[in-house]
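First chain written, first letter: the chains are A, B, C and D, and each begins at residue 1.
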Amino acid sequence: MEINVLAFGQVADITAKSSLKFSDVKNTNELNQLLLTIHPELQNINYLIAVNKKIIRENTELHHEDTVALLPPFSGG
Amino acid sequence: MEINVLAFGQVADITAKSSLKFSDVKNTNELNQLLLTIHPELQNINYLIAVNKKIIRENTELHHEDTVALLPPFSGG
Amino acid sequence: MEPAKKHKVFVEGPIDPTFIAGSIEKHNKKYSIGAHSIFLGQVRNDKQGEQEVAAIEYTAYREMAEEKFHEIKEDAFKKFPLICMHIYHSLGVVKTGEISLMVFTSSVHRKDAIDACEEIVERIKKEVPVWGKEILNNENYQWKINS
Amino acid sequence: MEPAKKHKVFVEGPIDPTFIAGSIEKHNKKYSIGAHSIFLGQVRNDKQGEQEVAAIEYTAYREMAEEKFHEIKEDAFKKFPLICMHIYHSLGVVKTGEISLMVFTSSVHRKDAIDACEEIVERIKKEVPVWGKEILNNENYQWKINS
């Protein structure tokens, strides 16, 4: 089981990569904890999480080949 | 004592002239009565009166060389 | 802030899109601008029974209209923190599909430009002595009524 | 009414004023249009201590942003009686004084175009996954914050 993680803006500054792969992560809470362990600086950033392009507000189960995006505050326009 | 009267839009259609001269008209009420006598069709038109480019709402005394404009509803834009 | 100079507002005939582009381009050295709001009035082919509007011929009480435009500009500069403001209005014949009014406001933050632009358009329609004669296909005409 | 097709919204680099003029001109055969409302976002030289913003580099979560733009367009067509609607947003580097966003709405009566344009701009700023990296004079950068 593998998931794709996309990082944008300030989050990508911290991860230093815009695309990451993780295996055997059950849900978004677990993914978040994993990310914070690898990159403690993420604690200071208020990012939203989208699973397959839909923003989720609660812990969400992840499946093989899901795409999870880490979205810092939008600043288009 | 002479005043200039300017007619616009529907009012000018009725007066058939865009500029008229009147003598010895004391005030705007008197001018209005005079205009309605000459052009009774003006009764059907809801025009405002401006004296020297200021819209007046009440009877206003007229002086030599005043310019009175007859302003049907505006429709610019 | 640009003072509300007595710029010419009236132009003969329609307002050309390339003229509008030129207006936009002129702001590209005004680095404090963050937002432009532009309103354009276009002549519509409104139906009148069997006929439809082919063009509008605009006339104005020019001296009074110019004073009123100036007053509207000054009021907008007082009420909103605008960096620039431009108003152009056609006189003479403007055909359907052509543009007869442009209001263009610029500010640091978007809300000021947007609110000012809308208010200026409303005031122009209500307060400026301009008349539109709607010329129909069969060359009859009727006087435009603003809503 | 033009359907909310999945038109390209993103353009590389700044939005050119002559492109905007072309957009306006394309509507001159749409005779039922009475009003256009156009919003343009321009890159500002905001101060940051000793430095100021020289350019913004825009990146996006492109697939999600395109879906969001499409949703915003469809919602606006449902809510407002619009005849046309166009949205363009820059990706990549846009310098101060250049334009990075254009929202263009057209309707029979002015209120619909004006209200729709404003609502679309607000939704874009809040809901579309685009990020602006403000590049300062000294080549440092900071992330833009939308108000």
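Keep in mind that, in the parts below, a residue touches a chain if its C-beta (ideal position, glycine included) is under 8 Å from a C-beta of that chain, and two chains touch if they have at least 3 such contacts.
Note that the coordinates shown come from a computational prediction; the quantities given were computed from them, not determined experimentally.
A.B. asks: In terms of CA centroid distance, which chain is the most far removed from subunit C?
C.D. replies: A
A.B. asks: As a quick test, compute the distance in whole Å between the mean CA positions of subunit B and subunit D.
C.D. replies: Using C-alpha averages as centres, the distance is 49 Å.
A.B. asks: Please compute the C-alpha centroid of subunit A, do the same for subunit D, then give the distance between them in whole Å.
C.D. replies: About 27 Å, centre to centre.
A.B. asks: Give the residues of subunit C that touch two or more other chains, as numbers and ranges in rising order.
C.D. replies: Residues 41, 121.
A.B. asks: Mind giving me all the chain pairs that touch?
C.D. replies: So, checking each combination of chains, I get A-D, B-C, C-D as the touching pairs.
A.B. asks: Can you tell me which positions in subunit B touch subunit C when the two form their complex?
C.D. replies: Of all residues in subunit B, those touching subunit C are 6, 8-10, 50, 53, 69, 71-77.
A.B. asks: Can you list the subunit C residues touching subunit D in their complex?
C.D. replies: Per the stated touch rule, the residues are 17-18, 20-22, 24-25, 27-45, 96-99, 106, 108-110, 114, 118, 121, 147.
A.B. asks: In their shared complex, at which residues does subunit D touch subunit A?
C.D. replies: 41, 58-61, 63-65, 67, 89, 100-101, 121, 124-133, 143-146
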